[in-house]
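Two complexes are shown next, each including subunit A; its partner changes from subunit B in the first to subunit C in the second.
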Partner chain A sequence: MRPSWFKTEEDRGQRTEDRSLSPASSAGQSLQAVSREQRGRSFIDKTLSGITGFLKDAIFTSEWIRKNGFLQGIEPKSKLLGILLFIITISIVKEIYILLSFYAFSVILAGASSIGIIAFIRRVWLFIPLFAGLIAIPAVFLTHGEPILFFFGFAITKQGVSAAITFVLRVAASVSFIVLLILTTKWDHIMKALRVFRIPAVFILILSMTYRYIYLLLSTIEDMYFALLSRTIKGQNRKDGQKWAAGRIGFLFQKSRRLSEDVYDAMVSRGFDGEVRVMDSFRMKALDYIWIGFAFGIFIGVQIENFRG
Partner chain B sequence: MHIPDGYLGPQTYGALYGVMLPIWYWASRKVKETLKSRQAPLLALASGFSFVIMMFNVPAPGGSTGHAVGGALIAIVLGPWQALMAVTVALVIQSILFGDGGVTAIGANCFNMAFVMPFTAYFIYWLIRGSADASNRRSLIAGFIAAYLSLNVAAILTAVEFGIQPFIARGADGAPLYCPYPLSVTIPVMALEHLLFFGWIEGAVTALVLSYIARTEPALIAEGIRLKKLWIGLAVLIILTPLGLIAQGTAWGEWSAEELKKILGFIPQGLEKLEGIWSAMFGDYNIPGWEGQLMSALGYIVSALIGVGVIAGVVSIFGRLLSVKEGK
Partner chain C sequence: MKIFEAKEVGYSYPGNIKALHGVSLAVDAGEKIAILGANGCGKSTFLKILNGLIFPNTGEVNVSFPRSAWECVKLSEESLKGVFNRLFRSRVALLFQNPDAQLFSASVRDEIAFGPLQLDLPQDEIIQRVEDALMLLRIEHLQERSPYELSIGEKRKVAIASLLTVNPDVLLLDEPTAGLDPRSTRELIDLLIEANGAGKTIITATHDLHIVPEIADRCYVFNEEKMIASEGKTEAILSDMALLKECNLIHIHSHKHNEAWHSHPHGH
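Let's turn to the complex of A and B:
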């Protein structure tokens, strides 16, 4: 059963009247004029809504992996390598129209991988490129160059506009490709695919274990903040709130240390001898070779284009 | 402070990957030595802990909330090498599985947050704490200062990495290709918000968590580095300082006002005046009258020694004052 705070935006819209019961209210709440009680609680609300958002994202992500699509069919190692090649290529592009083509290509790939295009664009632009866009705005004025437009006495320069567009497009295109990887590959396959870079097996093991514990630790934090919320009537003053949160951080640290001992014992009792073996049954098909070849060809192409320019 | 893809050009992120590779290699050997086969679960949970520490929101002044990055805390409770590995694992997972922080920028992010921040914090902490007890007020203040300073160092490094982009890479029409702001914008912006806001949260959270651990499980933070080791490290660094001379041009970040003008297009206000004072004292780190390569190398070493001496003096006086307060 979904807990009451785990609702979509629509659900929450209908429930505004009992907002006081829903800790996952808007994250911007601390900016509004809030009563003293709410103020003493806003750090609880923010933590709980942060964790909810994180889990929601993770669930959203796993939705597309099982679908049948182009990228889902590519073998994980080649997919990782190809996507990283694309991101590196994007990082050396100098022309806006080439960046735009990369972005368009990522959207086409999303379509070909049965990812809803609107959902994909939203997932990509919220938060990182949007933020990049916000911080790029002053660059339009601040960059030295030929003025093309005057805005309340400030000159907008051609170079400024081009810098801002290049910057935001590059960020958006890079994020698009990594999101494509995340949306179409199981997390443990991504980890195993890292073997392609000769990363020692023990680190693959650590990465995989870490990923699992993140969810355990998150649910522990959630319980802590819920427990506090359920005991809270009037809200904490700042000092008590800080002390409480710091105590929980310290406690979580101790808890995870003890847990690691138990986990180690459990591993040994199941036959762990310190040697890490990663099962790797990935098989390359013709399509995978074409995919890698294509990514590499594009990389060389952009290099040549840069060299000529 | 997670740098996304697209903010840094290949020269910068490539160089920082290059710097991190030997550090990662060394750290993995160090960690293997100390943790043996227990390393897998212990490091996994430590990494998970570094990942989720940012989820803890804490009340901040003015009714707002904030969270700590945790780099300093992790270094103090785990030791700097384990912290390096744990934060690296957390950053890699954030980047590849959650799209938070760029893939090309993993080297840069690890340099700032997994390497420089924990090591700075760890050394500052033990430098100020000295041989004081974990629950002593001096130790808690050491935690606060270590967290505050190390976060600011990491923030300024990030700002520098951003700010050099317009000088390194420009398109055909002269427009910057990556982060569009020069150092004169990135450093004040990053420094201000971290000096005035985030640094205080980082410091307060770190000190409060340390105080909790000191009360409940003091053995965790009982042992640190022997200060002797720290001094040996510093000595090596001092002897290496003349390497700055071998590098082309002026040491990175040590531009004179004139060189800055070339790079920035203007001289930051106040720097011009300050420079007069500095060159009056040590002029370009050379002891007046000492000429030639060997002499200027010696000059570098002497300047470094004096610098370290002054800092150590200030810290030790500060430490004395604090423990006197405690004794009352």
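Let's turn to the complex of A and C:
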């Protein structure tokens, strides 16, 4: 039985809503005012699109993974091992010019792996001033040595500047290699490659599942917000928005709890008995051996240089 | 030989929410049967019970496997351990209604290999089974993709492939055609007919009546009281309009034929 207000195109005269929304009516004027309000994005909109956009871009980007480049051609276990060797080497380097060479090498690797060099440099240096810079600044003033400049009564020493540059460069070079690994390797391949360090398979499975379900929850959050938007005619005030967000957080918690039970059931159903078995499908090629050999050679070279110095 | 025998099975979810009440049925090895019912009538819960994932509060389910030493074993937490658990998991597979619950691995290939890996099959055989399943479901192009990159229809195909690699004797399918386009639905039906021809038992829970004549010789109809309202040959069940209407499986559908409106019962 159709309610009397539920009118179709055929029997619709002037609908109550239509009358109240006509431009001449006072309600119509308030609607126009609401439209102006709606042009400014609500806090929910900004927060949700900010969080989901950042996570999808930062974690799920596969733009460069599919490209045909140097690092993409190296088998994940060897790539991880080589990059970790480079990072260990960077941590023991003492000379600024060697650190600069490592950084330059990472940029060359980015170029050889078809990664946009500007995008790569920007990605690395976006967080360096924030994290490494803030830590390094006190060293400029606090390290004893030969003063080169006075700043509001504090002496900036040559040794202080050198220590700060060394620190920032070390962080930048290390971050560059990690970014190279992330941009050229699928997340699940990185996870599998971790097994080379004897990390338990169940731990790796949980990490990969977390990654997979973060995406699902992000999509659910987006869908819920779009569903709200599609039914929002009057605009939303902050209080309503907060109420909606609180309700949805509760719903998501329930949903993820139910999903986790179903996932566990699906695993048990296919024979999971607490012990995880995974397929190791990586095969090493000549290039992989050369890559690891090169990284190891550099490590030994830096060790010898340090020993001499 | 009866592969499953459920006797007066009752189940309630926490909070005393009744999901099944006094359900009794028997399934012979090699049969194909359908469990019909509207949303929320307990079909999914019953399939989970048959798959030994949850256990009845009242009544019992017994399982027997041909060509094995296990006959009339009561499904319970105690029985589903060790050797019998491995045998049961290799013989009975469940397709979940929500493919996101079933696809937990990081890539399609890993997902399809998960079952045979847990059963400790040799590496070469696992690789062969994965290749065959990918080809059978025509999803070779998806093998390196992550489940989150797939459409709902693709997810369902991957979920089905992940069951086939286990090579079970019994396939429990919960709404297998939900989200599939007409061509994929047809391919799935053909696959199920072929699997049944190869001796596999197929138990499908659905409310999609138009696929039932092909995927089931017998039907059990669940009603809104979460009980079996009727059982019988597929033809007899599908022609009982009063029963189907009472169990919310059909509705009167009106549409236009040559400028004239006409109404008839509609079942999907």
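To be clear about the criterion, the second predicted complex is superposed on the first by the 194 of 309 C-alpha atoms of A that agree within 3 Å, B and C clash if a C-alpha of one lies under 4 Å from a C-alpha of the other, contacts with A are read in each partner's own complex, and residues count from 1 in each chain.
The rule we apply is simple: a contact is a pair of C-beta atoms (placed from the backbone, for glycine too) under 8 Å apart; a residue touches a chain by one contact, two chains touch by 3 or more.
Every value quoted in this text rests on a predicted model; they were computed, and no experiment measured them.
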Touched partner set for A:L259, first subunit B, second subunit C, both or neither: both
Which of subunit B and subunit C A:D188 touches, first, second, both or neither: second
First (subunit B), second (subunit C), both or neither touched by A:R270: second
Which of subunit B and subunit C A:T47 touches, first, second, both or neither: first
Touched partner set for A:M279, first subunit B, second subunit C, both or neither: second
Partner chain in contact with A:M209 - subunit B first, subunit C second, else both or neither: both
Subunit B/subunit C common contact set on subunit A: 187, 209, 211, 213, 216, 259, 263, 267, 272
Subunit C-facing residues of subunit A, complex: 60, 186-188, 191, 208-209, 211-213, 215-216, 219, 259, 262-263, 265-273, 277-279, 281
Residues on subunit A engaged by subunit B in the complex (per definition of touch): 30-31, 34, 39-40, 42-44, 46-47, 50-51, 54, 57, 84, 87-88, 90-92, 94-95, 128, 132, 136, 139, 142-145, 158-160, 162-164, 166-167, 170-175, 178-179, 181-182, 187, 190, 194, 200, 202-203, 205-207, 209-211, 213-214, 216-218, 221, 236, 238, 241-243, 245-254, 256-257, 259-261, 263-264, 267, 272, 274, 276, 309
Touching residues on subunit C, where the partner in the complex is subunit A: 48, 51, 53, 85-86, 89-90, 93-94, 96, 98, 100-107, 109-110, 113-115, 117-120, 123, 126, 144, 146-148, 162-163, 166
Of subunit B, residues touching subunit A in the complex: 4-7, 9-10, 13, 28, 36-49, 51-53, 55-61, 63-65, 68, 73, 77, 89-90, 92-93, 95-100, 102-104, 171-181, 185, 204-205, 208-213, 216-217, 220, 265
